[in-house]
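Presented sequentially are two complexes of subunit A, the first with subunit B as partner and the second with subunit C.
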Partner chain A sequence: MDSALIPKGVKRAPLWQFTLFIGIVGIVLLWGVYAMVLCWLKGLNQTNMNDAYGFALWIWADLAVIALGGGAFFSGFLKYIIGKDELKNIINYAVLIGFICYSSALLILAIDIGQPLRGWFIFWHANVHSMLTEVAFCLSCYFAVLTIEYIPLILENRQIDKVPFFHNLGHNMHHVMAVFAATGAFLSFFHQGSLGGVTGVLFGRPFGFREGVLIWPTTFFLFTWSAAAVGPCFTLLVTKITEKVTGKKLVKDNVVELLAKISGWMLATYIIAKIIDTWYWAAVTAPESGFSMMDFYTNNPVYGIWILVLEIVIGGVVPALILITDAGRKNKTALITATVLAVIGICVNRWVMVLQVLAVPVLPFESWFMYFPSWQEIATTILPVAYGIILIGLSHRYLPIFPQERELNPIEES
Partner chain B sequence: MFPFSFEWIWDMSHMVFHGGLWYALTIIGLGMTFCIIKSVVDTMQGKGAHHDEEHH
Partner chain C sequence: MKSTNTQTKKYGMVIDLDKCTGCGACMVACMAENNVPFKENESNKQDSITWLRVYKMDNGKPYPENDICYLPRPCMHCEGHAGHSPCVSVCPATATDYSTETGIVSQIYTRCFGCRYCMAACPYHVRYFNWWDPVWPEGMEKMLSPNVSVRTRGVVEKCSFCFHRYQLAMEKAHYEGREEIEEEEYQTACCQACPADAITFGDLYNPKHKVFELKQTPGAFRLLERLGTNPKVFYLTSRDWVRKQGDNYLKNEGQVIAKGGH
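Let's look at the complex of A and B:
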């Protein structure tokens, strides 16, 4: 029924099967939308945020999806600026994943500010002394860049492409894409960094506070570095999941291995820098504030030293070692394991830098502040996942996302 | 915020923050304007009217 919309030369699941899949995920999406509407109509009392937790589950999800969406800017940087042309076979998917991640981040912020109708205040009444203002500026502009990068893909739909103006528009946008990609890389560098900087400059929060260069704490650079390292890992992971779900090979191994290799070396260098940063913080920065390192990992029901091991060793050192070795990249199980661990590592990093920072007592008479999100927070955090699955499903079905798909999965004409 | 807004102050913070914002928006705006105008011109010249949908 929808065969006229499906790209030529590729096979797709029957429409009923696709509709059923979208319908099931759509129920989850509606659950999230219901919680979102509750937050907008009734206010932030629908959450478990309080005086101790002004940042809660949403902001963790926000930082996590922004880091995971880093594959778009870094792949674009590698292809258009560095000239790694092989990545043209995966860049569309990186852009789509980036678009989903950044639109999700903006959606989360729209819920988080409580009054989305006042969202424009941050542009018009900007507090130019806040790193979050820079984040808001760069995030919005970069989302515009990602939209511009996604539009040519939509215009390549078989039916849309038949309209001469849209065909020409898609063609012309491809021609100037390097300019947009360079702008995107510039914007990403600053907003990824500033998200890290937000925690790093909190001198009243010794768990997060870091020293650095001029106005930039080390977390500024570590956040950008980690997003550039793990973003491509997430792109590879979602690609592998898509291949599993569709039962087809969509990207050639040499492309996957190239991106995995670059990601692996980025991750390896990042994790060395992170270990040095953590050691300096534990040995110098925290003691200067009157804390020992173990003060941050004891006397509470959740945060033990295990979380540091999970973040740095299991989610950092192990995947980096797998990805920088040729044998690790060529072994499918090891490659997927590495990408999963790297994604877990970055999510744990964002968790501790957002939530553990707030949990740690900073005054002698305080005890640990524990927090559990309300169902509305959980539902609105799952909402972007459902939205992402639906958009990936629709894009994969109707747009030529994977340039190598036809070659890798030839259809025998009957 | 623009320099003619009452909140504007001519200091480094305002210039850097808003300079960066306008710089990015200008590139995005000019880039898209160029693409749209060129596409209109191309379409009027008949380009892309009978292209093979197999080749982009």
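Let's look at the complex of A and C:
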């Protein structure tokens, strides 16, 4: 029924199967939308946040999806600026994943603020000293860039492409895409860093505070670095999941291995920097405030030293070692394991840099603060996942996202 | 930032913890004075608003050596470094400001859009979010102070050192042809309500004000000085264990190391 919309030379699941899939995910999406509407109508009393946990699950989700969406800017940087042309075979998907991640982050932010209708104040009454201001400006601008990068993909739909205006528009947009990719990379280096700065500048919070260069704490650089390292891992992971779901190979191994190799070296260098940063913080920065490192990992029911090991060793050192070795990249199980571990590592990093920061008691006569999200918070955090799956489903079905799909999956003429 | 302007003030507080009985009169006075909203059920203190909160501290020793101390904690009105207090510098919408004229950290309720970054930045937990719309028992809305705006759901609020009283005092002084106000003309509600006279309020710069001398009392301390927040609330105590609760120290640290200027 929708065959006229499906790209030529590729095979797609029957419409009923696709509709069923979208319908099931759509139910989850509606659940999230319901929770979102509740938060907007009734306020943030629908959450389990409190005055100790002003930042919680949503801010973590924001930081995490923006880091994972970093595959878009870094792949674009590698393809258009460095000249790694092979990556043209995965860049569309990286852009789509980035678009989903950034639109999700903006949506979550719109739910997370107490007065959503005043959201524009961040631009109108901008405080240049605030890292969040920089985040808002760069994030919005970069989302615009991602939209511009995603539009040519939509225009490549078989039916839209028949319209001469859209055909020419898409063609011309492709020609100038290097400019947008460069702009996107520039903006991303800043807002990924600013997100790291959000916690790093909090000199009243010894667990998160970091010293740095001029006005930028070390977390500024570490966040950009880690997003550039793990963003491509997430792109690879989602590609592999898509291949599994569709039962088709979509990207050639040499492309996957190239991105995995670059990601691996980025991750390896990042984790060395992260270890040095952690050591300096534990040996110098925190003690200056009267805290020993173990003060942050004891006397509470959740945050033990295990979380540091999980983040740095299991989610950093191990995947880096797998990805920088040729054998690791060529072994499919090892490759997927590495991408999963890297994603877990970065998510844990963002978690501790938001939630553990607030959990640690700073006043000596206070105790650790614990928190568990309400169902509304969980539903609104799952909402972007459902939205992402639906957008990927629609894009994969109707747009030529993977340039190598036809070659890798030739259809036998009957 | 030191200003050459002779009218520059730096309002602050000195609280004598040896005098505080923990009666809570300061908290009640603060709430009434500043139209602080409350919930029908206040058992969960994590989301209820208390601009001034009295903490109960314990020396952790068994009877008969057990000792307790009550510590009233208003907003510290931190100066940080050159006015960059922890919360002011992070607010993305400039909804909170450090006044170099008075040293008071203000909150602009109509500009705050409720991102709560300031709450994450404040180590003293003095910032409170309005999780609910304020609901007053029937008739009580007529008792609200007309000098303090009532806040709406979704914005952050905190102790203002009863700034409206400063404005009223300055207005009166201008009307009477004076440029300056006297110490007793601007006092906070908590200070006036304290039956034990534990709270003293005034201009920390002004040698005529009681706080000027009191803050120099040997052993006077501020909470979390080592973080560099540079707060303007000083505490007095003769008890060493209370003094040590004012900051974090490593196990092997033999002496108190204070950081940050007065």
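The definition used in the following text is that the second predicted complex is superposed on the first by the 413 of 414 C-alpha atoms of A that agree within 3 Å, B and C clash if a C-alpha of one lies under 4 Å from a C-alpha of the other, contacts with A are read in each partner's own complex, and residues count from 1 in each chain.
Keep in mind that, in the parts below, contacts are C-beta pairs under 8 Å (C-beta built on N, C-alpha and C of every residue); 3 or more make two chains touch, one makes a residue touch a chain.
Computed from a prediction, not measured in an experiment: that's the story for all the values here.
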Contact breadth on subunit A, by residue count: subunit C or subunit B
C
When the two structures are overlaid on chain A, which partner does A:Pro287 contact: first (subunit B), second (subunit C), both, or neither?
second
Going by the contact rule set out at the top, does A:Val179 touch subunit B (first), subunit C (second), both, or neither?
first
Just subunit B (first), just subunit C (second), both, or neither: which does A:Lys8 touch?
first
A:Glu156 in the overlay: touching subunit B, subunit C, both, or neither? Say first, second, both or neither.
first
With both complexes superposed on chain A, which partner does A:Val362 reach: first (subunit B), second (subunit C), both or neither?
second
Does subunit B (first) or subunit C (second) touch A:His125, or do both, or does neither?
both
Touch check for A:Val198: first (subunit B), second (subunit C), both, or neither?
second
So, does A:Leu169 touch the first partner subunit B, the second partner subunit C, both, or neither?
first
Given the touch rule stated above, what does A:Ile411 touch, subunit B (first), subunit C (second), both, or neither?
neither
Footprint intersection on subunit A (subunit B / subunit C) at 124-126, 129, 133
Interface residues, subunit A side, partner subunit C - complex
43-45, 49-52, 54-55, 112-116, 118-119, 121-122, 124-127, 129-133, 136, 198, 201-206, 287-292, 295, 357-358, 362-366, 369
Can you list the subunit C residues touching subunit A in their complex?
44, 46-47, 55, 57, 71, 80, 84, 86, 89-95, 111-117, 119-125, 127-133, 152-156, 223-224, 226-229, 244-251, 253, 259
Any idea which subunit A residues touch subunit B in the complex?
8, 123-126, 128-129, 133-134, 137-138, 141, 144-145, 148, 156, 158, 161-162, 164-165, 167-173, 176, 179-180, 183, 186-187, 190
Once bound in the complex, which stretches of subunit B touch subunit A?
1, 5, 7, 13-14, 16-18, 20-21, 24-25, 27-28, 31-32, 34-36, 38-40, 42-43, 46-49, 51, 53-54, 56
